[in-house]
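Shared between the two complexes below is subunit A, which pairs with subunit B and subunit C, respectively.
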Partner chain A sequence: MAPSARASDRRTHRPGFSLRTLFSPITWLLSLVYDGIVNVVDFIMHPLQNVLGVRRMAYIFVLPNLLIFAIFILLPMILNFYYAFTGGTNLFPEDRPYVGMENLNTLFTCGNFLDPNTCRADIFWRALINTGGYVVSQVTLTILLSLISALALNKGLIGRGFFRSAFFYPVLLSPVVVALIWKWILQQDGLFNALIVSLGGDRQPFLLSAQWAQAWVVVISVWAQMGFYTLILLAGLQAIPGELYEAASIDGASPWQSFRSITLPMLMPTMFVVIVLSIIRAVQIFDQVFAFTGGGPGTATTYMVQYIYSVGFSNQQNQYGLASAASLVMAFALLLLTAVQLWLGRRNEAT
Partner chain B sequence: MRTVLDFLTNTRGRKRLTYSDLLTYLYLMLGTLLMFGPVVWLVLSSFKSQTEILSFPPRLLPYRQETMAVEGYDEPLALYNVTFDDGTTRQLAQVRRVGIEAQMVDPANPTEVIRVNINQRAPLEYIYFGLENYEEGITSFDFLLYLWNSVIVTFFATILTLLINSMAAFALSKYQFRGRDTIMFMTIGTLMVPLSVILIPVFLVITRIGWNNNLLGVIIPAAATPTGVFLLRQYMLTIPDELIDSARIDGASEWRIYLQIILPLARPALAVLAIFSIMWRWNDFLWPLIVLSRSELFTLQIGLRTFQGELNVEWNLVLAMTVLTLLPITLVFAFLQKYITSGIATTGMK
Partner chain C sequence: MKKFGVLVVLALLVVGVLGVQAQDSPVELRIAWYDDGNEGTVLRDLLDRFEADNADIRVIVDTVPYQTILDQLPLQVEAGEAPDMARVSAGERYRGFYLDLRPYVADPAYWEASFPAAVLQWLRESGEESDALYGFPNQFTVTGPFINRTLFEQAGVDVPSDSSDAVTWEQWTEAAAAVAEVTGVYGIAIDRSGHRVAGPAFTEGATFFAEDGSVTIDTPGFRTFAQLLLDWHSSGLTPAEVWVGSGGTYAAGAPFFISGELAVYMSGSWQIGNFATNIGDAFDWEAVPNPTGDGGSTGMPGGTAFVAFAQTEHPEEVARVMDYLASEDIYREFVERTLFIPGHQGLGELDYQTDVPAAQQSLQVFAAEALKLSDQAYELQYGGEAFAINNPIRDRLTQAITGELTLDDAIARIQEDVDAALAAAAAS
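Then we have the complex of A and B:
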């Protein structure tokens, strides 16, 4: 760590041509503009401050954020309940008749809760079960691979910076692009089937069989997201003081022992953050799959958000009440997951 | 020989490469291949002609068939290497193909037609990166318009997010005022509330305001990010209060303090939030999909998805447009990757 930091210091102080000298007239101009803005704002706001006093200026500072927050997050959160208990296909609340528990009843009327075919809202239950399976497998795989990658990157080998960027690159790609890239690779006449055929196998219907499609949805979202968690775990690894490892090796600890009794416990707080973030992300899976399989084949890759979207918005269904009720279920699941994780995190800290 | 080996196996003059180091390299290289491979495959495929796109098995590089103008034929004819039964090979041009038989001529003697079994001929090809897919794609896919919409949304949304989040974070970290704890509690409480959970009521609010089919309806609702407020507040707490107090004694107004002391000092955290915001907005899909239904307002992501849906499997055009869509963000990353990765690594975990 230390030698590379020094090397980069030297690089920035090297005289001669650099991006910074190229842009210096621009930054100078920008700073002039910025000073102008500061003076204008000051000219307007100073009298206001004289009226309100220093402390009340805080309200002015929070106001814009609070306003947007209240209108587009807080109010909708409350309205969501209203929608969940009203029916009809009208969007405006005043035109919606009160139906009580009917929407929730529709979602939860099942002959047998493990068999979606016996449910009134069978697609909802398929989506729920699909999402559960997806979250468990995707999060497990993502965390495992991110941890291995972070450990590999943490070894301080030559070219670490390049490898770090390479692992991070897919994170930047949009879900639609990721979906199209993989759809192209996995189609009937695609690269993977060509490889399989050249090795003597049979072509696989990757996107047309339910099991394959579900598996590939997991694989491509691990591919697209693991770089982000790798980066966060790597930062966590680098925050572990090196002296601990030196002390352990003096005491004759094996690498596996020091991994188990130094790395893992010291990494737990970071790991905790990564698990929380990845679960919340996984529960919301939508855009990638929407462009990848469109929820199919059949309903094999229909997940919760897609259910909400299709019931509420696509095919002129406009069953806003049902969609809102499903949203409530999802919000409740998220709340429950977060609470469990917080509780586990607390307990972990306590011991 | 030994010195070469020593050089190759020395890492920064410390010690020899160990067995586990080699294994690590192997893993990292395999990982790099898996991360870049699919994108490279996409880019290479986007230069292939439509017939080559449809052929199986696919080849790594894009090829074109060699053609030649032959006397007596209006169109240039495709050239093939033909192996005859006696083992000789000749270069012939194909006039037409009938079933498993190809009618071919010798370019030097175009009047005599030679009939050949199609298994005896191999096309004469050269590597060629054709731009037809891009040209044809751009005429049916309004790339520049979608790009413009995406840039507008990303730019203004990021500026707005940075501004209002940092203002709120300043107030929440440096002032004592009534309601502060409530606001902080709500901010943390909604960190975990994704837009997809409140989709329908937000759509109602947008419709009431009249922002359906308006880029404002995409930009404004997600601007007050709890994540941003939280991240910036945590960072601003580390800025010493004495700086602010001494500026006040010097007669600076609160806005001057915010603009000229707090914002410049919070630059690292602002940069991270800017990266996040750009990533969120550029890649945003679900919300623009609901708000925008007129195609002249589509962002790149919505446009690309619709384009792919309409053409179903005209892969050559879809591939070219996908490359164009991932190009801007790839270029930005290529230049700024060091700052992006280290920025997210240092602040992203707070």
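Then we have the complex of A and C:
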């Protein structure tokens, strides 16, 4: 009530002419339209509320979101499950013959699970091994470097604001842009090789040798994602009460001791979030690498999602069943990882 | 006031809807298209003229990368979201989805007389006994090598095809290596494509198709060329970027040839327009006949078809556009300006619009190559099994090049992949 009363006060004191007078027909029309829209909504909602009652109206409000979830997430998940047990190359579910476990069998027929060459779906296993290696190295490096930079930024060093922005800047770039920038830098006639040649060295096959390409994929994604995790860890660090460090220093604790006994344990909940997020993201690696190396050289940087994509869509063979089966395996792996993390997290909380 | 507001909003909505409907707009047709050279520009020009005479039709050309036509158009079509028309290189992929233009075109007999029966049949379902007209070839292509004569001259190396009609791939390799040795450029390259490898493999004596309809990759001829490709890489004779640095997709060696860094380049006739524009007379380039081997001398046929999809809501208008683009004068102008080898049989002598002599010479070489293509080459291109064969050859040979697989394993894997893809397709 109060604000509108004040508004009407002001209206009585306004001068004889102002721009407002000029615009008043427009404002009047706009308010009419606004009123109209609100009333149309009211027109529908009011009778609904009379029928359903106030409590059940909540369902009406979550319905749009629920529908989006059902159509774009739930339905594809169910379809994926169905497709995994069907064969052929037809797109529509009703045209696809049921083949039972055949797709999963194809994926898991191996002479020796550590040697992809002995497997029927050798590329699937290469992708799995590549993804494993990538996840371990990328997550470890990301966490380590994010922690170090968060600790440094928390120490109030000179130009802290600048460094914080500098670390965060790559996060704002689209993964494809990141990939293209680095491709220009690293290709045979790219910036980096030009630099090496001008300094008298030999060109390096950064994108043409398996080891180099795998290493660069990790470096680039650490560079692109580190800022995000640094920021989360920094927030976690800043939430640790300063008194604790004060008390520790009075007791004569060394910096390393206070790091081990105060910082790390207090940071653990944040750390846990960061680890979960970065692992899930690493397992799903696709867009950046696809634009950067296309999965090559050979299959050196082909990861799970790209394998699924290429079997299903890009290889002109459209084996949707096999792709869906591989998706199931990946979903299962993610489920397992999350379960382990939840368990570890709970245990952590309990202690 | 409240009711009045509701009325105003409803009135605005009604006016808006009526306003949209009241507009008398021309029929909008969409073409999914990709470019190798200037053909998109030429097409637009021809369509502008068509639209000027046909005010009731507007044609929108959606130009996308070639890879999109390969990967996404099939899904779009199968999901019921097909464009009205498209330029496609894998005509067999969309069988069953095409619009039969016969009832709509002005003169079906003209279509039958003008376009090769094999290509018209290529678009029909296998075993389909029909006279349906689903589209027409707007480009015929042949694969074959180009050389940079300037580099040969600089190196003082004789061009093998100058003195012999039957040069082998091994002789070209030797000559290219000699040029590379002296000039410091790359010797020889071939596009990263199973289709491109097939011609040389057939030349070396490979046979994929047996009388009984079975497909066998592992033949001595295929091995010979696969080994040669591996040797080009291990000796550094070829730029590794093309096969090793391109991930899982098609990649052309053309940029290396255009920049003058490559002596011999195995590609195909569709590059002529590209080279005429981007090389011109910067150095002496030319097409040379396909090499000769145990399997004779052959490239691969290919090309693109301009097709209409049955999902269109405007079949009559689509047929008018197709009829226009297929008509003799317009077709002639299209190929003469794009430097395409026509897929039209009734054009007679063509006056290609280029002042680059190398382009004229190359067109003649490829026209001659078109006459000596082998049965195996035709079977691969038009038999309907190319989708299962070309990509495994490309991807598995790459693994052999990078050392992930031995050549024996790679060839065994190609066979497995081909069998799996054919089985999956048969299950549908």
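One rule holds for everything that comes next: the second predicted complex is superposed on the first by the 297 of 351 C-alpha atoms of A that agree within 3 Å, B and C clash if a C-alpha of one lies under 4 Å from a C-alpha of the other, contacts with A are read in each partner's own complex, and residues count from 1 in each chain.
Heads up, the rule we're going with is that a contact is a pair of C-beta atoms (placed from the backbone, for glycine too) under 8 Å apart; a residue touches a chain by one contact, two chains touch by 3 or more.
Because the structure is a prediction, the values reported are computed rather than measured.
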item	value
First, second, both or neither for A:152, with subunit B first and subunit C second	first
First, second, both or neither for A:91, with subunit B first and subunit C second	both
First, second, both or neither for A:122, with subunit B first and subunit C second	second
Subunit B versus subunit C as contact partner of A:108, first or second or both or neither	neither
First (subunit B), second (subunit C), both or neither touched by A:313	both
Touched partner set for A:245, first subunit B, second subunit C, both or neither	neither
Which superposed partner A:192 touches (first subunit B, second subunit C, both, neither)	neither
Larger contact residue set on subunit A - subunit B or subunit C	B
First, second, both or neither for A:235, with subunit B first and subunit C second	first
Touching partner for A:290 - first (subunit B), second (subunit C), both, neither	both
Common interface residues of subunit A - those touching subunit B in one complex and subunit C in the other	37-38, 91-92, 187, 290, 313
Subunit A-touching residues of subunit C, taken from the complex the two chains share	1-10, 12, 70-72, 74-75, 78-79, 90, 93, 239-241, 244-249, 387-388, 391, 395, 398-399, 401-405, 409, 413, 416, 420-421, 424-425, 427-428
Subunit A contact footprint on subunit B (complex, rising order)	11-12, 21, 24-25, 27-28, 31-32, 34-36, 38-39, 41-42, 45, 54-58, 163-165, 167-168, 170-172, 175-177, 180, 183, 186-187, 190, 192-194, 196-205, 207-208, 220-224, 226, 229, 248, 253-256, 258-260, 279, 282-283, 285-286, 289-290, 300-301, 304-305, 308, 315, 318-319, 322, 325-326, 329-330, 333, 337-338, 340-341, 344-346, 348-349
Complex contacts: residues of subunit A adjacent to subunit C	32-33, 35-40, 43, 87-92, 95-97, 99, 117, 120, 122, 126, 187-188, 205, 207-208, 210, 290, 293-302, 306, 310, 313-319, 321
Touching residues on subunit A, where the partner in the complex is subunit B	3, 34, 37-38, 41-42, 45-46, 49, 54-59, 61-62, 64-66, 68-69, 71-80, 82-83, 91-93, 148-149, 152-153, 155, 157-159, 161-177, 180-182, 184-185, 187, 189-191, 193-194, 197-198, 223, 227-228, 231-232, 234-236, 270, 273, 280, 284, 286-287, 290-291, 305, 308-309, 312-313, 320, 323-324, 327, 330-331, 334-335, 338
